[in-house]
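Letters are used for the chains, namely A, B and C, taken in the order the chains are written, and counting of residues starts over at 1 for each.
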């Protein structure tokens, strides 16, 4: 409904690009003049040491932060800044580094909340809940049940998520993002704090999401092994600057990357 | 009489399916929770599904006598696969889905399976990974297509496609009642299923059961507990296990009751609650887990709720079983129990999904008496049974109103039981297996020419109740010099039932009498010591304390008394005991890592003590090497006292209860 | 007669009141009823606070003046000749306009500012509404258009335990209307998409934004809901006394209720209000004379504090279960 000049992006074409983006908080520069793109259908990893500006980059992409300089092009529409609502309506979903769920609500309600934008906006029917609104609710519920099935979280359907262990919370959060049927899925350290088995599961889900739904994924991850397995292309940030961009193998061999990871003095 | 004739004619499960589709076609046969909703298939619908699948399999080349492996968790289509295979004369071979690839390879190769019907990608991967070892397999059929889209589909097929093939064949090649004719060709004496049992040693054995065996067992079981088409059961135990095969397939087909397949292994409790099963079957660990879960929840509950829970539970412990057994109970106790049912027992049973349960069985291994009594005190008719794959499950079961925590019940209908000289339980019934597949030697070893099957378990009939008690594996049961049966684990378990006794080691095989070495439980005895002003400085000191000896002597005496009432066990009463000066420890090799005592090793390590127990010594000095927690080694010396015990004369069995 | 010398005071406090309750049950029931009615109104006011606090974390100091303002609007519209029910609808509409205005003028510019700033902003809103209201409607008390709205007046009375209990029909109506209001809100919050979105916003702004829930829309909705609650409160309260700016201080009555029920719990607000209302009335009738008047001004706080001694997490304080 937004941005009438949006174009349909085919697989392999650029879905989103950031150009010369800089972001600072007060005097601190979090991102300096970074450009890169995300192609439709790929799994794109953003890596870098702590404080490299990875999460800030995601926040710029989904509109939580507004860069002072640079531009974001999403589905062919150029924007000076993205707003969270624009990002969500445009088809960008995300998860958070430390899990941001609706803790007092059940798994089901959390994932249903992900359907917010897909639902009819007719406020009046919503108030009454009956008639078309009820029909609609059933359709969305079916979609949500498919996601619950996909992520194998049937057993926690009715559990308030605040009570779940961390690994499951991350899965619910992924489910909520999937419920938006996003074109671009931003995952901020999806495997952080998980044990090996949970990590393997999460990896499988990420690959399945990419395969099954064809969702483009941009993810931040620390575990290099995971990144090398999952990602088609990797962009490396260090101190807010881009220091490398390419396939996992290229990046692994890059001298600047090796230096950054081994902590060579600048 | 006429009914009998009909019963005789319906002698295979596909025939039962036809009967059910005809007589109760509108009733639910099976349900599955999928996408949060219970999907139901009636018997009439199941017949159509099975028919399509059966003819599809036929088109794939499955012939009479061919084996079809079925691998996966409890799903309607996998149960249908079983019946579909049987309907065209094939033999289903359900395989444990969590078996590792090697085990699975052995079973599939040994059975010579032609087709494998599997649940999902995980199982497809497993079968494909071993396919080079399985020349007999022509096709792999899967139920759940997720993730399999890009696989090579030359030998891989989706179950729905097979059904489509079957439906097409229905119109051409197998039109009319062709399928029904195929079913009619099946005979009661045919092999119905091959169930592989994992022995403790060696390769799994394929137990062949005929339709006759399984049908008779199912019929008897249904009659024993008055099961009707109205029962609801939940299928969640492995399909390859004989228990599930009988409960969730055979008995359901015979009685026409409804089987419910849970959404996922994690949702069983919730699913059971929604269904409200009326007939349940589970190994003890399931009941244990439920109870643990309850206790954990209660710890988190508010003070009032917790107090209420404990009060009413205490009341139930005192009166619940009596009420369930219809014994006379004071009116006030009844009233409080009724109140408890509203406030505590009812909600709890609802949580467990046992609100509507008429009969629940525990089987597979011994259940803790506390756990057993807990469920019974809530008013759940939990009973024990003793069964084996080789018997189509039923060997003994507890009739209503005759429930004991430590017996496995009376012989099931049509089952004969005898106890061998060495204590081994032998059984004979129409339900016994036809033989081990491709293993006549093993068959001959287990099954005598006149039809008796060696169970491998030792047991005896309890003179007090007339029920069978299983004491141990037969090979672990020894004999005293005078020939009396000596079941060390049985005696040890009786002793360990006392909280003060942590471990017990019974000696007696090829000796004159039975003696035991005990370990006290430091927590329990320690708190007793504190309450009774017994001063002690160390474990060793406490263990040697005269008053501790006194206390344990009482326990041993009680055990002796209970043994004296148990017929064949009466001769194996404990003559002497001692309390070990150190705790048995896995680090010292005295226990296995699973905390089981290593009897032989202990007898050797504490040689002087063992000797002392049999040479009449009052005290024995001993020095033992031990390993400290940090790995250092040291020595511990002690003078260990040996206590003599009185034995009780064997009690005569009351005549009215004798079997 | 019951009390002997040295224990005179203790006896008066701990024995006599209970004896009286038992001895004259009709008066006790009468007291409970009046307490319940008062409590219902406290609940409604507290409810207004909770709605806004839950969704935006703002303690809305202006809730009290919203009660007055909405009631004045209703009465004022009727005074210039608008039929009663049309005036009611218009008053509701004006509360909606107010919600939009607040979102636009107060909340949106101040988003991401510390809570204290927003709290101060509601102070500003309060004084704006007082001034604006006086400008339009004048400062003198008005009479609620009870009859025109067909709210039953008069009383019913019945015999009870040898005495007579009297109930104002107005009070019965107030209780029923308040109950309905709460029921409707409860269904709205638990069953509808907007209700779900509202709870989502209450749990995490960040996550709500990421799924495309519009905070602005939610704010308008809760302010409007709070406005409607204020309107109902204003009508009921105004019908019992009069509509004047003095009503504004009833906002202060909501504080002990909130202390008791918690700032984020709707059931807490309701039950808390009832407890305070009943406690206040019972205290006033049975203990008031002993202590000597003036008890109303602080008793509510006292009750709340005593309650908190036993339940520090408040009435419906959710146990905070979070795992790291």
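Everything below uses one rule, namely that a residue touches a chain if its C-beta (ideal position, glycine included) is under 8 Å from a C-beta of that chain, and two chains touch if they have at least 3 such contacts.
As the structure is a prediction and not an experimental result, all values here were calculated from the model.
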Path length in the contact graph (chain B to chain C, fewest steps): 2
Innermost chain, taking as reference the mean of every protein Cα atom displayed: B
Top chain pair, ranked by number of contacting C-beta pairs: A-C
Centre distance in Å when chain B and chain C are each reduced to the mean of their C-alpha atoms: 61
Euclidean distance of C-alpha centroids - chain A vs chain B, Å: 48
Separation of chain A from chain C, taking each centre as the mean of its C-alpha atoms, in whole Å: 43
Sites on chain A touched by chain B in the complex: 141-142, 145-146, 148-149, 152, 154-155, 157-158, 208, 212
Residues of chain A touching chain C in the complex: 62, 64, 84-85, 88-89, 93-94, 96, 100-105, 109, 112-114, 116-117, 119, 123, 126-127, 129, 133, 137, 160, 162-166, 176-177, 179-180
Residue ranges of chain C touching chain A (in the complex, touch as defined): 188, 191-194, 196-197, 199-200, 202-204, 206-214, 318, 321-324
Residue ranges of chain B touching chain A (in the complex, touch as defined): 33-37, 146-147, 263-264, 266-267, 270
